[in-house]
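In what follows, structures are represented as structure tokens.
Next, two complexes with chain A in common: one pairs it with chain B, the other with chain C.
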Partner chain A sequence: MKILHFFITKIFLKRWILVLSMVALLFLANSLSFIAARSIISTFQGYQDVAVFNQEGNFIANLDPDHEAKFDKIDVKDTQKLYDYLNDNYTYAFQADGFGAVLDNEHDMELSFSYINEDAYRINQYELSEGNDLYFDYQVDENQIPVLVGAGLASTYPVGSTIETMDPVTQRVVNLNVQGVLEKNTHRSNFYAPDSKNYFNFAILLPVNEQFIQRAGLDLHVNGLMDLVLLDSTKEEAADLNEYVQENIGLKLNFFSQQENFDYFEAYYANSIKIICAITFVLLVILVGLATWTTLTSVRLMIKEFTINLLVGLSYSKLRTIFYSYFGMLFSVILAVLFIVIAFNRYGYWIRKDAVFATYGLFGLISMDWLALLMVLLINLMIGLTIVELTLRKIKRIPISVGVLQ
Partner chain B sequence: MNRIMKLKIQNKTFKQKGFSILNDFELEIQPGERVSIIGESGVGKTSLLNIIGLLDTQYEGSYELFGSAVKELSRNKLAEWRNQKIGFVLQDSALINSLTIEDNIKLPLLYANIEKNPSAQKHFERIVQKIGIEPILKKKPLECSGGQRSRAVFARAVMMNPQIILSDEPTASLDSKNKEKIIDLLFEMNKEFNTTVITVTHDLDVAHRHDRIITLEMKE
Partner chain C sequence: MKYSLFRFSDVLEAFGIYLMCFTSNLLLVYVQISNVEVASLLEGFIESIVDYRLIISISLTFTMIVFHYQFLNRKKTEISCRILVGDTREGIITRYMLNSLTILMFSFVASLLLGLYLNVIGTSNLYLVFIFILYILVSAGQVTNK
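Presenting the complex of A and B:
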């Protein structure tokens, strides 16, 4: 420890520009690795989330990107007719998120409502930290509506409490009864871009039945169509529905299986991710190369210091330990800075009251952040191993008797 | 008399440069002996000193030092002996410029883990007083004269009271006055502690002040 302290204070830090250059290069390498690793983990997690819909007979609707939709021409009577048709002829999973509402809560977040029907709820199997599952056979006009609340609302609206609020889609005052609390960081991944997620920590999950759809306005009807999932269906039935939608409300939808969505993602977005990963890898190699070059240059400049120490009693194995400890400290500092940046970024969602992205985690970081940091740590181990062993090789190649007189 | 070292070298080969030196070389030295090594440039004087000083173990042959076969010693043991049993007196530039003269001299104490030891501190004070470098202790090497730096290098070499002092051209860059001082200091150590002194030099005056002169010659 004394020898390490001596080397850091009396030798390495005497050439602080080299140390700073090294820290900057390693920080860049770490940041790039982190971004790439987290994107991969998030995509993988998203794939797992939406994989429950990847079943034979499931077809997921989305608005045809080439179709010019005229939403202002759509009438709620027509959309209601469409939902009646759906109820009579199809089994479908329905979930529509992102309807904002203002409700008191200890974090002053703007809440969002997520509307979900029974089939979507059954398939998603959201985990609860307390309380009971939703039920769907309530009467909108007569009963309180059972809801689940996100973890961020659990203390303001505990299980059993009642919430009186203006429902954003029915535009009427409703009484909601809290049935249960969703696990922290419950989220929904996008069907078409699995790396993108909405978090439900500040959401109210409201069960949708036929009666509720009848009371709801055009917003829910149209939004609900965008991610509608036909269950136990066929390609022909999906095509029939598409035809019906086009005739009655003038929207052109595409119905793809989740596998087709995955294929689409892989054809467009996954390629982008692969390109980003490839660029990251190339940049990483360049940065590690530069870091190694900086170290080897430092060795050339400090060879006298190293060899004099070797002359008076330092062994190569101790020198190796010193280098590993020194780089261990550098990487620890860099990882700590990276950690602070990530934590501050996560905390930023809370400061900005961004309910969709506010998350809970150990020291503010969620599991994918920690996993990505772990990957960065492994990459650092490899970088450290490469740099230290190359440095030692370089030092050993210079005879001590020559080095001391440099 | 017990010998302090016995060295038998078949050859020391520099593969990259494609030549070998010290072919069939043998050397035995007794404790307290003063030996100088002379010879033309490139004959292997410094290489021999590196082998004797445990800085180089890549050669064909055997080397017994303090009764142990060097090739059987671990790298850590070699480093420990370099720290505690062997002192190196090199040219005046063999100091770390970013450290003060005091820190340079005390460097071996760090590796012996005795830098805070009161007796080591006392020993340090005695040496710097004897060598006469107290006024420059807080200075950096580049702020000192060549003679002062040479004395600092000498002080560092004797900090651990080594059994052998190896000198490689210790007076090469010094004027005659400073040259005499360094050689006097070397022989005072030899006299006081029975330290073995081995000096590589080009200077025949310096060589002749030793008990024995070994002349290395190029092999035809």
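Presenting the complex of A and C:
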């Protein structure tokens, strides 16, 4: 410990410019690894979320990007007719998010309303921290509407409380009865962009039944169609629906089967992940090369100190331990800085009142951040191993007499 | 490069570092301005790197600080010897600055050519040139035998 203290204070930190440059390079390498790791983890998490819908016999709708959509020409009567047709002939999962609403809450966040039908709710299996599950057999005009609230609203709107507010899709005042509170960080991943997520911490989840859809406006109707999932259906039935949608409201939807979705994910996301890994690897090699060059340069300047210490009895194995400890400290400092940056980044969503991305977590970090940090730690071990072993090889190649003569 | 402190290997090393900094900055600018359609996941990843272009480029210039620092530390004995045989510190400093600026200029010209090839305005590297000139001026004060 004493020798380590001596080396750090009297040898390494004496040339602080070198240490600072090393920290900058390693910080870049760590940040890059973190960004790559988190992108990949987020995609896998999203893929798992989507997988509950992507089953055999299910068809997930997607607006055809090659077909021009004329939303301004869609009439609510036509969409209502379409939903009547859907209710009569199909079983489907319906969910639409992101309808903004202004409601008092202790964090002053702009809330969002999320609408979900019974099948989507059953498949998603959202976990509750308290209260009961939603029920869907209520009367829109007569009863209070049962809702679930996000974890961030639990203290303002506890289970059993009633919220009187203007519903953004029916444009009428409704009474919402809080049935339960969603677990922290309950989220929904986008079907065709699984790395992007909507968090429900400041959302109100409303059950949608046939009656509710009849009262709802065009926004909910059209939004719901974009992510519609046909359940226990066939390719022919999906094609029929596509034809019906195109004839009645002029939108062209693609209904992709499980195999088509697997192929899409394989072609689109697996390739992207491979490219991300390749870019990260190449950039890491360059950064580690630069860091190694900086270390070897430092050795060139510090060789006198190293050889004198080797001459008076310092063994190479002890020198190796000193180097590993030194790099261990550097990486610890860098990881701490990276941790602060990530935590601040997450906290930024709270400051900006960005309800869709505001999350809860240990020290502000959510599970995917911790996993990515763990991967960065493993990458650091490999970087440290490479640099230290290359440095020691360099030191060993310099004869002690030459070092002392310097 | 007569009477220069720079040996051929030092020139190559300095040229390589300058070029690496210029090239990485140019590539980041190129990625930022090019509208190549890529998958959203890849786009997000690239964006999260390109957004920090300034920080990345400036961090990479630190390698040039390391170069100047180690170079002048290694050359202390040579500077002493030169002063001993009649050279002046001012003369050594002037030659050091001129040599460093020449290497910088050559690598900047090389980066301009690369910029032309990539269709990126070479002036996006100008701020790096100013940073490097600043490093040269500061390091010139360190040309000493002590």
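Keep this in mind: the second predicted complex is superposed on the first by the 395 of 406 C-alpha atoms of A that agree within 3 Å, B and C clash if a C-alpha of one lies under 4 Å from a C-alpha of the other, contacts with A are read in each partner's own complex, and residues count from 1 in each chain.
Here is the rule we go by: a contact is a pair of C-beta atoms (placed from the backbone, for glycine too) under 8 Å apart; a residue touches a chain by one contact, two chains touch by 3 or more.
On a predicted model such as this, the values are computed, not experimentally measured, just so you know.
**Q** So, on chain A, is it clash or fit between chain B and chain C?
**A** After superposition on chain A, chain B vs chain C: fit, no clash.
**Q** Of the two partners chain B and chain C, which one touches more residues belonging to chain A?
**A** Result: the larger residue contact count on chain A belongs to C.
**Q** Touching A:F27, do we find chain B (first), chain C (second), both, or neither?
**A** Touch partner of A:F27: chain C, not chain B.
**Q** Where does A:F12 make contact in the superposed view: on chain B (first), on chain C (second), on both, or on neither?
**A** neither
**Q** Would you check which partner chain A:G313 touches, where first means chain B only, second means chain C only, and both and neither mean what they say?
**A** So A:G313 only meets chain B here.
**Q** Pick one for A:L301: touches chain B only (first), chain C only (second), both, or neither.
**A** Once the two structures are laid over each other on A, A:L301 reaches chain C alone.
**Q** Look at A:L290 in the shared chain and tell me whether it touches chain B only, chain C only, both, or neither; answer first, second, both or neither.
**A** second
**Q** With the two complexes superposed on chain A, say which partner A:Y269 touches: chain B (first), chain C (second), both, or neither.
**A** second
**Q** For A:Y121, is the partner it touches chain B (first), chain C (second), both, or none of the two (neither)?
**A** It touches nothing on chain B or chain C.
**Q** In whole Å, how close do chain B and chain C get at the C-alpha level once superposed?
**A** Nearest C-alpha atoms of the two chains are 7 Å apart.
**Q** Can you check the complex and tell me which residues of chain A touch chain C?
**A** So the residues of chain A in touch with chain C come to 15, 17-18, 20-21, 24-25, 27-28, 31-32, 35-36, 39, 43, 193, 195-196, 268-269, 271-273, 275-276, 279, 290, 293-294, 297-298, 300-301.
**Q** Over in the complex, which chain A residues touch chain B? Could you list them?
**A** Touch residues, chain A against chain B: 2-3, 6, 10-11, 14, 304-305, 308-318, 399-401, 404-405.
**Q** Spell out the residues on chain B that touch chain A in their complex, using ranges where they run on.
**A** Contact set of chain B toward chain A: 46, 49-50, 55-56, 75-76, 78-80, 82-84, 88, 90-91, 93-99, 103, 107-108, 110-113, 115, 156, 168.
**Q** Of all residues in chain C, which touch chain A in the complex?
**A** Residue positions touching the partner: 20, 38-42, 44-46, 48-49, 52, 56, 59-60, 62-63, 65-67, 69-70, 73-74.
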